[in-house]
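The chains carry the letters A, B and C, assigned in the order they are written, with residues numbered from 1 in each.
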């Protein structure tokens, strides 16, 4: 193997008095895919940002092609061929795809922009990524996976020598992930050094040549991927043996509590019906864009709809979130940052927002709010260095726990949880899974919407699968298998509906 | 972890972002004292506070509108229109009822009701018809301004002599030497600060301005709260007019000219974010005082050419905001 | 003032002439302050009256709030309304000179009101008040009534040529009188601004003997501030332009408001009437009509009081 192109030597990083990286050694080699894994808050993001020139190390040094270097900023790093793809998209929503791909490095003919050349080049890049989006389409109108592909196209167009990818597959389906992997393999053959992070250990095993595990700002192990198992990785990340990821399922259910009939959201969901029983965990599967989220939002009163929703026999009017919440139905959004939490507000302000009126009228009792936060921090094991901090500065896992606490504040009988563990480390995942089981054991009823098959299979005793806005079928008991769900989700006509528990 | 973090809960955080407007105000007062001994005279202080009251009362309402992510450019024109309508109806009532306190009460009621209605129209069109607040209020700004010009036939609407004398004390007298406008301004400022910080309405305004979608998903009645901010602002415009009319007893096409910009400037100087999501009423009060003091100081001295008054104001506004943004940029 | 009366009389005798279908364009500033409001009032009233007298004649009246808009209005008038005569009160001299010159060159009769163009000889008829005389008349009254060493403050209008001419006239009249001008600042022809300005001056100067407010709107604001400070006895205020309210106070021998100076907004009526007269009679009245400012005193105040004027 040739020498490292980009490396960290004994790098430390402090934010104020808190040191988050304690002497990390890490090297990227040309033609190698290097996975960096760790729980949320382990220091992965900080490490990547130092490598890509967004942050300066507090101690230690960064070397590029063997020589120490201090980046003046990410643009200098980019000039050297070090490109980072952020987990949160860095796209100008109102510009078209090709305008985004060439943003800041527009192709010109004389003084004027060469629109045609840029469009052609973008089309080439997209077709290499097997992405069928129109290069002229406005980014705000394309799907989330397509946005990820645009980000990757952008990086490809920059002739990257080092490519740093922060959880690129979090929003991709398995098929799209496969396409991405083919591109990664192609880049590897071209000699690009790739840093890859993911919470999906199976993917790491599949694509990475080398895997490095970070825990609490310390590099705990670094091995050839071939030499470690997924369990080894998980154990190294968490620092303890992970018991069974999913708690045992409860299969005995009570009366129907939530009955949705012929729900239609024009253009998105068509005539979908489902029934949820007391104490049940019902899964909703299907591809991203199949109408899962829209169905849930329509039931929760967040979208205009046709059809009826009955909770405990009483009908819930359409488009009335507050009324649904008061009746005992709560919805936890998949879009944590866009629709779930106020990122620049404190934990307390976020926690009590849906039920502010119950914390005193006309004046809010701050003491009661603080007490509620104390309970939430304890019950959900939220780790916040400072209670007065902005929620945006919390790690993804802690944000998700806070969002759960906020959703459950109204003590709902029925909870719809959309993507309970997106972008969350395995330790927190396990906590959330056991919490869901505990909620069900308390007699609450839960709907889990997820793109992760193991999650649906591990949690739900019954799974409804959506395809193209319709309910494609329902699986229960032993029929809840990966093949069964995928078959329905892809629109294959299965007889699985008849399978009994 | 929980116990460890609890000790950090109430750490006092004094930073320049928070106190920048206060510092600017103190600096201005210092300059004033150095330049003119009359600056701190009771009469001058009363004058400055009383004349700040109109824009101040409006700016309190504007703080809520801006915090909730809105904007209202129509308040200056609205004030002129409300004042015009109030004077006109008081003159008509004097003819039918004869001069007396009932006419004043009727006038006040009309001012408040007109302000409420005007705010409601702005709010309902913004929330239900989904018109961009900037454009809608730019439109109503022109409408109210034309209406008052039309009401006044291009001239000045003046309150009848007898009513003017009777109504006059509302501006000029007060309690314990403190003029009524100052008292009303102070009371409203305190109520506004409490509403912003300690009620569900204030918190909801901040949540909507911060991220409307999150607020909606958290079952906040986004449209209703947003509408309420415009109605509140309209009522406060009405109250400001009730204080304004007794001063000169007249309204014309130039009444309230540029008040909207002064009110918005005061809100921003005070530390409220123009894009919404965070607002504080006490900051707005400080902002209003800063703006009034600049004018007052320039009148009290020959320090700068009067042609440059606007430039001095501009520089102070920018400095006050830069001071906050620089120290606050860390986040 | 006399000229106005003669012209009006002449016109009334001529209204019986056979009517011609001609178009007169009138462009004046919008009613943004009292005086301009009165200007609009008079223009509107005159147009209504002349329209009745000349049913075939068309009048196009536009009001503008800035010079740029006025240029556009003038262009529209020429392009789409095909005017035969134009009566214009230029918002500002410099930017309007070129456009008006082109209109005059195209053969349209041009009457310029109040604010002169920056080049001579463009207009056919010029009707104006006399700003120098406006300031000088007030200044002369100060010089005549105040003692040597008296202290005065001066409230100016919006910074403009009009304002500069008035203040220059005022200062020229004060020369050698020994009167001290304590402060001079812009009240922008606005009541509220004037009120605040006067409050601050009262706080700053313990002794003020007289106030010259170069417009009655500002005088109203100044008077309210003086009244509030309880210093009504100490000084008098001279405004300008003959607002109804002021004229009334002069009539009542109010010591605080002893006199006023005219600057009649009705000059627009004179200008329109003379223009129409020229068109209908075929004997155009050209030249310059300068209406000098006069001092309104308790003795002659009754002549300057117009009950139904808005100003």
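Just so we're on the same page, contacts are C-beta pairs under 8 Å (C-beta built on N, C-alpha and C of every residue); 3 or more make two chains touch, one makes a residue touch a chain.
The chain list, named the UniProt way, goes like this: A = Sugar ABC transporter ATP-binding protein; B = ABC transporter permease; C = ABC transporter substrate-binding protein.
Everything quoted here is computed from the prediction, not taken from an experiment.
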Checklist entry - Of the chains shown, whose Cα mean is nearest the mean of all protein Cα atoms? => result B
Next on the checklist: Among all chains, whose Cα centre is located farthest from the one for subunit C?
Outcome noted: A
Checklist entry - So, what's the distance in Å between the C-alpha centres of subunit B (ABC transporter permease) and subunit A? => result 44
Checklist entry - What whole-number Å value describes the gap between the mean CA coordinates of subunit B (ABC transporter permease) and subunit C? => result 35
Checklist outcome for this item: When centres are defined as mean Cα positions, the distance from subunit A to subunit C in whole Å is 72
Item to check | Residue ranges of subunit B (ABC transporter permease) in contact with subunit C within the complex | outcome: 36, 38, 41, 43-44, 47, 51, 149, 152-156, 158, 172, 247-248, 250, 252-255, 257, 295-296, 299-300, 302, 306-307
Next on the checklist: Per the contact definition, I'd like the list of subunit B (ABC transporter permease) residues that touch subunit A in the complex.
Outcome noted: 1-2, 5-6, 8-9, 11, 13, 194, 198-200, 203-204, 206-207, 210-211, 213-221, 277-278, 331
Item to check | In the complex, subunit C residues that touch subunit B (ABC transporter permease) | outcome: 30-34, 36-38, 40-41, 159, 183-186, 189-192, 195-197, 199-204, 217, 220-221, 224, 228-229, 245, 309-311
Checklist entry - Quick one: in the complex, what on subunit A touches subunit B (ABC transporter permease)? => result 302, 321-322, 324-325, 331, 333, 335, 338-345, 349, 353-354, 356-357, 359, 361-364, 366, 370, 374, 377-378, 381, 383-388, 390, 406
